[in-house]
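Once you've had a glance at the structure underneath, I'll fire off some questions.
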Amino acid sequence: MKNIGIIGAGRIGRVHAQSIANYVSTAKVVAIADPMLNDDTIAWAKSLGIAAVTKDYKDILNDTNIDIVLICSPTDTHSAISLEAIAAGKHVFCEKPIDHDISRINAVLDALKANPKLKYMVGFNRRFDHNFRAIRNAVEAGKIGKVELVKITSRDPEPPSAEYAARSGGIFLDMAIHDFDMVRYLSGDEVVEVYTQPAVLVDPAIGQAGDFDSAVISMKLASGALAVIDNSRRCAYGYDQRAEVFGSAGAAASANDGASTVQISNADGVMGEKPLYFFLERYMQAFATELTEFIAAVVNDTPVPVDAQAGLEAVRIGIAATVSAKEGRPVKVSEIA
Amino acid sequence: MKNIGIIGAGRIGRVHAQSIANYVSTAKVVAIADPMLNDDTIAWAKSLGIAAVTKDYKDILNDTNIDIVLICSPTDTHSAISLEAIAAGKHVFCEKPIDHDISRINAVLDALKANPKLKYMVGFNRRFDHNFRAIRNAVEAGKIGKVELVKITSRDPEPPSAEYAARSGGIFLDMAIHDFDMVRYLSGDEVVEVYTQPAVLVDPAIGQAGDFDSAVISMKLASGALAVIDNSRRCAYGYDQRAEVFGSAGAAASANDGASTVQISNADGVMGEKPLYFFLERYMQAFATELTEFIAAVVNDTPVPVDAQAGLEAVRIGIAATVSAKEGRPVKVSEIA
Amino acid sequence: MKNIGIIGAGRIGRVHAQSIANYVSTAKVVAIADPMLNDDTIAWAKSLGIAAVTKDYKDILNDTNIDIVLICSPTDTHSAISLEAIAAGKHVFCEKPIDHDISRINAVLDALKANPKLKYMVGFNRRFDHNFRAIRNAVEAGKIGKVELVKITSRDPEPPSAEYAARSGGIFLDMAIHDFDMVRYLSGDEVVEVYTQPAVLVDPAIGQAGDFDSAVISMKLASGALAVIDNSRRCAYGYDQRAEVFGSAGAAASANDGASTVQISNADGVMGEKPLYFFLERYMQAFATELTEFIAAVVNDTPVPVDAQAGLEAVRIGIAATVSAKEGRPVKVSEIA
Amino acid sequence: MKNIGIIGAGRIGRVHAQSIANYVSTAKVVAIADPMLNDDTIAWAKSLGIAAVTKDYKDILNDTNIDIVLICSPTDTHSAISLEAIAAGKHVFCEKPIDHDISRINAVLDALKANPKLKYMVGFNRRFDHNFRAIRNAVEAGKIGKVELVKITSRDPEPPSAEYAARSGGIFLDMAIHDFDMVRYLSGDEVVEVYTQPAVLVDPAIGQAGDFDSAVISMKLASGALAVIDNSRRCAYGYDQRAEVFGSAGAAASANDGASTVQISNADGVMGEKPLYFFLERYMQAFATELTEFIAAVVNDTPVPVDAQAGLEAVRIGIAATVSAKEGRPVKVSEIA
């Protein structure tokens, strides 16, 4: 039985704690740390049987009974806590992104090289989604031949505030980063060049904050294949999350998940369900699978499904996309070091 | 080049004339007869290049230049005109049903036996629909194994008047007769027993006229397989025409045709098109294929796709269904002679 | 916190125990009884933190700390244990059916009338399925107008053994009983007459055992509406579970759930997923919702979603269907007392 | 009754002649010209009742009985014959593109300005497709709010020969030109900037001939909205022709048309039809509507649905895309004069 400490008791930290309670029998959450600790958090932790609750995440790092740390704190703390956790000999699950700064991510990679027995996984939850996995399985099984094009549609139901956008690192590092990882995952290939066609179509305040809310991003992959992502921060019908891989022998494409398969036919037409609202609804099962597979990798000493290198590559593509948006030119990922 | 005379210049007669003009190069319509002949009909005939227009259908039967007669007159004239046309040595295409009286249909079959060179086809247009043909092709190709169940949904967009219902022969001979033929067509099997669960749910006046407007009809086929039809005279979303054949190795099922494949997603859901409105919209291409194949059978002296026997069997099942509805018991088709 | 004892540690007993552990915070399983108790069961119970394990279900009934009993034992013990549990003052969740004998079900109903504070729920899990609930919600919201027809397709992936069929009470009480309940649930109406068109198409041994493996069952409801069920014990593409309700203003219809929404297009066509394999896959979330709502009804002292009367009605319809199959005639449910 | 002369008796010339025969009652084809005239062509013309057949298209231009000319000859003759036909006072339907040279298209526009009573239409047949029209109708009706993104997938079933590619003007002027027109049609907006990510993934010989066979093309529109097209010259499952318009209030998206709606479920999955094979299959009805609407515009003296300006704009975007592909940079359409 492995002992887990969770750093950050926000929404995603709680999702992971619940997933472990429900689906993982080989590990349990024994401690949770959050500087904003309040009675509600304490009651929630108690209801899940989490014994230790603290404001100071160092209590978790210092606890020699704890084997695994989940880093669910704000993005700007990920790389620093990662380094501390590795130094403390913990296996780490870190929410995406590791950092927006390549040198800091490299510092984490260096620390991991020096501690080869430690597992380190990045939280690209969409890799564990049933639909995207089914596409990846079809690609790997050769059902569509050689990959020629990866297409991803990724639209959030509602835009963030302009304040959030300003602090977020921008749409490419905050939102599209999942899609960049998905291009790598679905194709099994590396992105070599990025061109971004950005726009501010949803909220002018996001533009005034120096960010964009809409974009089409086209990419060239190492094999010569192409990829394209379309992003919007606002989608009237909910969370639109689709992918298609087109190859020499066919294509594999996913549709959205709805709350039911029911269609209502009347004089107006045939009405089906909207996509599930947002990431907690759409990816709830994916979050559970993510944690289950991470813990299994620790317990069995096998490779993690999403390693730190994947975390680095997605950020490099995100920075290349950001540069492309600002400079209006295609940018090679090799420019981003 | 075969010469065609059409008896009846109503809606379906015109559809057939247009189909021949558009798609059939081996025959042409040279005469049309309708007792209600008016200026509009004459102008229409002229626009299609139909030389002869008459009120008396006997002019067509007596015209030795005419090879083929299409009987598109009212139902109660079908069998009598069929007999006259056969006697005159014409090939015949007869709208369904041949008659509601088994003995009169048998008279037509007897006449055909005596004139084996004449082609006689019954207008079960749905056999020429792309969707139902694709199901039949899958069944014949063995893709679903041995047939175990045929399911048909057949709903009209709007009910007829109670007056029409009273004269129509009843829902089973007027409407479900197409579905009975479809059971035979899709299964390649014969119906041996029928049980009807009828209802008046749409218009009480139809019930007062002695007819029904809704029904579930279950059947046993000669092979032991089952079949079930659900009918309604009123469907809020249009003309619902679907079929499914279930077998030992799988199932083949069709959906309705819409005016486009477009789906509109908004805050309310995902909205697609209604089914095409009624038989002229849904089966327009089927009507053209029907005539094309009939003329080809005449020209090439090959069997017609829907023979008089098929016309007889559908009526026998329809009468069995009517008896079942009235007597509240399963009825063997062999009872109907 | 309510304490639960589970009688029967088979597949469904384990599913319920897991659902409670994962989703229910107001109750916990404290004891489990199974006469076939073995080391595997003991280990499983321990892994879920179930303290007491026994071979004798009376230990559970005698334990005054236990508030709620889940009856997951073989069908022929359901009514007897129900009576004992009610006598012991326990709330009861009983797997379907309560019994195949109407008088024994009535005995349970009588015991409940004498103990009005006790909750008693029957395990018609499909009422908690997201698809069927969405249909029911559409019907209740008036989106399809007045109900005119309920259609249910229910096909198992693989037939049971002939031995099982012989002991099962027959396809109508063993399998179609879920569908009878679904007709009542979706329509909000009562079945008044049943006609069964049964067949043995899958396994002759099932026929030799006196049972059927295929059927079309048509029904008349109290409002005058119609219903039809088609059943098969063997479906090559998996567990086919669909429903449609047709009404005066439209229709609501569900499709099957698949493992993903992915479609693979190649030279052969466009291939999507099969339905989820069987009831554990399709209804896993429904089982969890079922237990959650049952416990909530106990905790909050509100009506249970599926009461003993619903258990009785489904059995009455099942017996009427059985009589109809044997006697080849429509059978009124009022004949079954 | 208008008289029509067709220049070019190839595949598309014949399609138009047939469409007019079947669907247009206000005009008839009276002459056809083709330098490759052979017995087969003569027989075909005769079967359609086309009286005059010639090798010299000038015979048509010189025939004062002819009101309308359809230019269905090779692309490099379009602009020259257009000028001659306008000079001869004919209304013109010209297959796309008018020319690959902007100055020659401008010469046609100038000639039309000098002859304002003549109708001139360009053959962008996809504007008459039922699916794309349904999207456009939804956009115009405001059902998706303000347009933010147009997405088009356009894949041919089989690549052309490298020889054809070398002569074709390149993939952007030969194939994507339809998609550029579609972006303008669906959005009701103008393209201002183009970035092309091209690739040779299908046939290296096409690359050696200086062309590409695959591309992702992203665009900025005048309103600030975005557009993206993905093209491939080879699609294993047939002719993939889909579009989606995403806006502030929702999205409208089309799927492909198949030969039927039938789905076959078996142990492997649920298999539906491939898209219709190629443009003659997919757009047959669109071709008929195209000619019908063109003739109606001539007869009623109303604006044509696709004017010469639309022909010019699509070519300008095509040239911009070609420049972008060669120079690896975004290109403003205003650069192309």
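Order of writing sets the chain letters: A, B, C and D. Residues in each chain are counted from 1.
As a convention for this text, a residue touches a chain if its C-beta (ideal position, glycine included) is under 8 Å from a C-beta of that chain, and two chains touch if they have at least 3 such contacts.
Just so it is clear, the structure is predicted and the values come from calculations on it, not from any experiment.
With respect to chain A, maximal separation of chain centres occurs for B (centres as means of Cα atoms). The chain pair with the larger count of C-beta pairs in contact, out of A-B and B-D, is B-D.
Averaging Cα coordinates per chain places chain A and chain B 58 Å apart.
Inter-chain centre distance (chain B to chain D, centres taken as mean C-alpha positions): 39 Å.
Contact with two or more other chains is made by residues 144, 236-237, 240, 249-251, 263, 265-267, 273 of chain D.
On chain C, the positions that touch chain A within their shared complex are 21-22, 25, 47, 130-131, 133-135, 138, 143-144, 249-257, 259-267, 273.
Per the touch definition, chain C reaches chain D in the complex via residues 236-237, 240, 258, 263, 265-274. Of all residues in chain C, only 144-146, 148-149, 151, 155, 195, 197, 199-202, 214-216, 218-220, 224-228, 230, 232, 234-237, 240, 246-251, 328-330 touch chain B in the complex they form.
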